[in-house]
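Once you've had a glance at the structure underneath, I'll fire off some questions.
The first chain written gets the first letter, and so on, giving A, B, C, D, E and F; residue counts start at 1 in each chain.
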Amino acid sequence: MGTRNDGRLPDQLRPITIEPGFLDFPEGSCLISFGRTRVVCAATIEPGVPPFLEGTGRGWVTGEYSMLPRSTYERTPREAARGRLSGRTQEIQRLIGRSLRSVVDLKALGPHSIIVDCDCLVADGGTRTASITGGFVALAEAIRHLREAGKISGEPIRDHVAAVSVGVLGESICLDLDYSEDAGADVDMNVVMTGAGRFVEVQGTAEGAAFGKDVLDDMLAVAAKGIDELVKAQAAALES
Amino acid sequence: MGTRNDGRLPDQLRPITIEPGFLDFPEGSCLISFGRTRVVCAATIEPGVPPFLEGTGRGWVTGEYSMLPRSTYERTPREAARGRLSGRTQEIQRLIGRSLRSVVDLKALGPHSIIVDCDCLVADGGTRTASITGGFVALAEAIRHLREAGKISGEPIRDHVAAVSVGVLGESICLDLDYSEDAGADVDMNVVMTGAGRFVEVQGTAEGAAFGKDVLDDMLAVAAKGIDELVKAQAAALES
Amino acid sequence: MGTRNDGRLPDQLRPITIEPGFLDFPEGSCLISFGRTRVVCAATIEPGVPPFLEGTGRGWVTGEYSMLPRSTYERTPREAARGRLSGRTQEIQRLIGRSLRSVVDLKALGPHSIIVDCDCLVADGGTRTASITGGFVALAEAIRHLREAGKISGEPIRDHVAAVSVGVLGESICLDLDYSEDAGADVDMNVVMTGAGRFVEVQGTAEGAAFGKDVLDDMLAVAAKGIDELVKAQAAALES
Amino acid sequence: MGTRNDGRLPDQLRPITIEPGFLDFPEGSCLISFGRTRVVCAATIEPGVPPFLEGTGRGWVTGEYSMLPRSTYERTPREAARGRLSGRTQEIQRLIGRSLRSVVDLKALGPHSIIVDCDCLVADGGTRTASITGGFVALAEAIRHLREAGKISGEPIRDHVAAVSVGVLGESICLDLDYSEDAGADVDMNVVMTGAGRFVEVQGTAEGAAFGKDVLDDMLAVAAKGIDELVKAQAAALES
Amino acid sequence: MGTRNDGRLPDQLRPITIEPGFLDFPEGSCLISFGRTRVVCAATIEPGVPPFLEGTGRGWVTGEYSMLPRSTYERTPREAARGRLSGRTQEIQRLIGRSLRSVVDLKALGPHSIIVDCDCLVADGGTRTASITGGFVALAEAIRHLREAGKISGEPIRDHVAAVSVGVLGESICLDLDYSEDAGADVDMNVVMTGAGRFVEVQGTAEGAAFGKDVLDDMLAVAAKGIDELVKAQAAALES
Amino acid sequence: MGTRNDGRLPDQLRPITIEPGFLDFPEGSCLISFGRTRVVCAATIEPGVPPFLEGTGRGWVTGEYSMLPRSTYERTPREAARGRLSGRTQEIQRLIGRSLRSVVDLKALGPHSIIVDCDCLVADGGTRTASITGGFVALAEAIRHLREAGKISGEPIRDHVAAVSVGVLGESICLDLDYSEDAGADVDMNVVMTGAGRFVEVQGTAEGAAFGKDVLDDMLAVAAKGIDELVKAQAAALES
């Protein structure tokens, strides 16, 4: 069990940077990097809520996700040109939305909808985990904006939420896989956790052979360590 | 922690039935019931493989999923009329395909594609787990058909695969949620396992509060018990 | 002019079965079989009417139609995946709707819309005629449900409506063609009639040579005999 | 049973005009009028045949149909803008194709495809019957063009084909309904016949009460008279 | 610098004809020809305005554009069948709308929307310029209809608007290119001008080498001469 | 004629920055800023050419364009979610492609296709002109990459190409409009020119009153000055 392609230890994240206020117009935004992977996150506040929430006084948070065509090693055609979102995109959008909502008190948010757009400039693995982690920063900024504008009084954010991947590569359990590692992993898991270290989503998939409970336990422990560091990076970005 | 709506114990499956050969034309098919939930599974063998597998000698298995409009308590409009598959449908289709492929030796399958269609007649919760569990029976029948027709010689099926849901309802960890239970669960998890009791997919989501590692462990233990019974029902159906 | 593939006489229907209440949730439903052809029919009551009927006090009845991908001998791709309904599907949907409306007093139905979904499990010829014939049973059940719920007082159903195919095969005029007969017929006609023996729709098509008035007359007479038996089967199902 | 809105006798066609060679580029074309209804018909010869006919030596004929947005009394939005063809359009396209193919010896046509486009400039009822009647003239011109170019030697056209509507208005059976008559008819029938007076398509629909065999017989007799006159107009146009 | 294919002088228009009132139902319509190019223009008045104009008291004018499939030398498939408008069509529609709005006082038009449909029967080059030129005639007729119906009192039409193409072919600057000239031009420009000789749109494109200011000036002078003649033809048509 | 909102002189560009090599994977890329407007440009080399160029030995260059949803002051929904590209997007894509091709010797490029993706991070006016100007830098980088890889020997780039907007605001002719200026301009013109100062595209539109030849001349002179500076910025970026 030695070091990895890029010299990292198995349980080491790639270099993480978060640049808040990256865009000019959104209520909240940031540019987040997990190594080469770069995602622009933007949170937009819109008045009103979807029909199924009307009259409940509760707000809503959703995520949207896309990749620039040449964020990938080979160019990926635009979904807008194909006329429909791929299954992968829709699955990621649903995951981002659920993850962000898990730490928002929708009652305290009141009748506002927040759309968190995650657009990948460079996709070198981990775009969905970077999107959730950076999306939280954009969301928190937008909610601060709402409060400063006097539109809400309480604090709808109950905790941080962040996400990281973990996988089995040969004998090692590795944290925060880059694209080449992801392509060669036997098991691939995305874990979404709160700042308090509790699970929001656990999505593990055996790409090759099925895996046992002991491997699952080890992966979750490594993920928890990564989440802890990501939450610290979020906090630092939000204080700056 | 008493009994459930329908009198089941927390770790008890709904009545499971599998009727193999339900349709006239497919190479493999069955009607599977998890309580009121009923899904028609049909496996179709098509010559050739998708472009990315051409020339590799390997086969392929995919899943498709749909619900009859009135499989649900209130009618759900057809996706064909809307002109696009919902994100939920695509997510389930990808899950069915990955789960079934996890127990197939694609090299031994040779250059054949198998499409497993899962169409829900009645959707009272657990349609994706019933689809995977019944889809395996249809798939195994179709592969038996290939072998009996002399088109393959080895045995591409390496193990059973089955799926079940488990959730946290109040204080209880409950197996195989029906629709009303699913709507009220705090945590909802779908577990796909092999006959050997190893994990293929673990997808857990906190619908309300995030959950701790102890709850996760308990849910996985209950799921394993359910999978064991489903695998026995599959075996019985395939022997009949 | 001897017997047919399956031993039937020229003017003989395939075995007809109708199983009412086949689904758990719809207001009316049945499984109808014309030989191997099997169609699930479900009638859904929805409040309100389409815009062009608003304020008139009249109700509406429409039909929707689909085939399971592997209802056919070779698999037919899903229309939802293609993103549009084929011309054939739309033509059949319009026919089902018109046929069912022909025996409903829309004024007596009041401001309710009823959607009759016809989904083919097995398609061995005659799916549109089975859909209309079974659709009537589902519709009648749903309307009975409306009356029992006190939502309407009169009887909107004025008569039965049923449908059957008839074709010219070589020298014979044959009733209720199965798939192989349909593919070889020189003339193919679908006839929709009321219980009183009057025409609702007559759709005859020369597949090969055009046909004369005498052949048309003979076909209509054979169709009328078939309709008579179908109406009896409907009545029996509705009494059970 | 007096005269009609526009002074016609019940069994009288509207004024019929056919202007062959109306367009500059197609191999065959005409402008056909049934009263105010005007349809531009254009036949295009394309090399090759659809996949299901490849290698058979047989040709193919299809129809396409559209209405200019303001061919109707109130403007009808373009189907191209909606992104899909309506059910009505597809049904008419299939009818035009079947009707034209019924009089073409596809073997003698050889491996050519002919697309007959029918575009309505003014739609005052009877656009599908005018399309078939004018489409035949465009088709015959295009086939003549093929023969004159030495691309075929035999005569693929076996007979004329024309179409007309007939309906029940109150007590009268009326030929060639205009839009206002069509909207008020109790029974509406489109009849496609050959020059020899044989049936190609019979499509009768009860809009109100179902109808008896005697009415059907009377309608067919009136239609046959109209077809006879239309065939004469076609012949005159093709000789000019 | 001699004469052109068809004997025209470089700065000569093709024969121009405008037949007002060409269609039966629209509030304004005409058939316009620029040589072989023929476009049916129809103006429809609809009550109300798009959402962005609601409550402003201003009206709106838009253009729609389409080509009959066989308006072209080789058949062009229908955009309705492809399910989406091409970029070219949308670009032309936007140009027609902007051009027509440039001479309409939208305040004086009041809360009415006018849709000007331009459908090409024959497309031999210059369909967008013929559409704008003929579209103005249809629009002016429709506005006259509004005034005669007492729905508006002032005169929303402030001036004529017409359009023409001009191009560089070898050494010559040629007016009103036909299809074969357009395909061979080094520079292609569409100019939209008012009756007063002022510019509404100037769209020049170098197809081969880029061009200098002197060439641009010469092209604009030739275009102005053509516009002058087109405006006279419009006036004559509107007086008839 | 004083200064502008942001203190610029009428004929002054916003601050221009070009950061080449902005993305990790494309053969050529840059981030270009025109003031707040920021566009990521990426050039992808793909083997082969579109069908209409096969066998000609010539290459091809196209442009694609999109805006991040929150590049705009208010959020703009994704075109991928709507399922179709807007007319505006298609018009801009066509303009980018034509502009870039105008300075490329497609014969010297050989059988390669280059797609230039222009994705706007911030859209404060001038996104299409920034896309063309930055797209040229990405394109030139990609072509240099082709040459360094030994895949082409000659120099397909014949000159620079850049674009800028110019408009009439009140009495002033202003260069490089930002969003607020663009919204208030009476005339809006986009000019695409080569390094040699020749025109590739001239697209001028009167938003309010039509404009005279003198105004057109003045606008073109101001645009030429801006193009000159943009070409210098391109050259500096390509040398770095």
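Definition applied: a residue touches a chain if its C-beta (ideal position, glycine included) is under 8 Å from a C-beta of that chain, and two chains touch if they have at least 3 such contacts.
On a predicted model such as this, the values are computed, not experimentally measured, just so you know.
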Partner chains shared by chain C and chain D (touch criterion as defined above): none
Maximum centroid distance from chain F, chain identifier (CA atoms): C
Far-end chain from chain D, centres as C-alpha averages: A
Inter-centroid spacing, chain B versus chain A (mean Cα positions, whole Å): 28
Intercentroid distance (Cα basis), chain E paired with chain A, Å: 51
Centre-of-Cα separation between chain D and chain A, whole angstrom: 59
Per-residue overlap in chain D, given as positions that touch at least 2 other chains: 83-85
Pairwise touch network: line, ring, star, complete, or other: ring
Cyclic chain order - from chain A, heading first toward chain B: A, B, C, D, E, F
Complex interface listing, chain E residues touching chain D: 23-26, 29, 36, 40, 42, 44, 46, 64, 66, 68-73, 75, 78-81, 83-85, 89, 115, 117, 119, 121-122, 124
Parts of chain C lying in touch with chain D, wherever the complex brings them together: 84-88, 90-91, 93-94, 98, 102, 159, 189, 193-194, 196, 198-206, 209-213, 216, 220
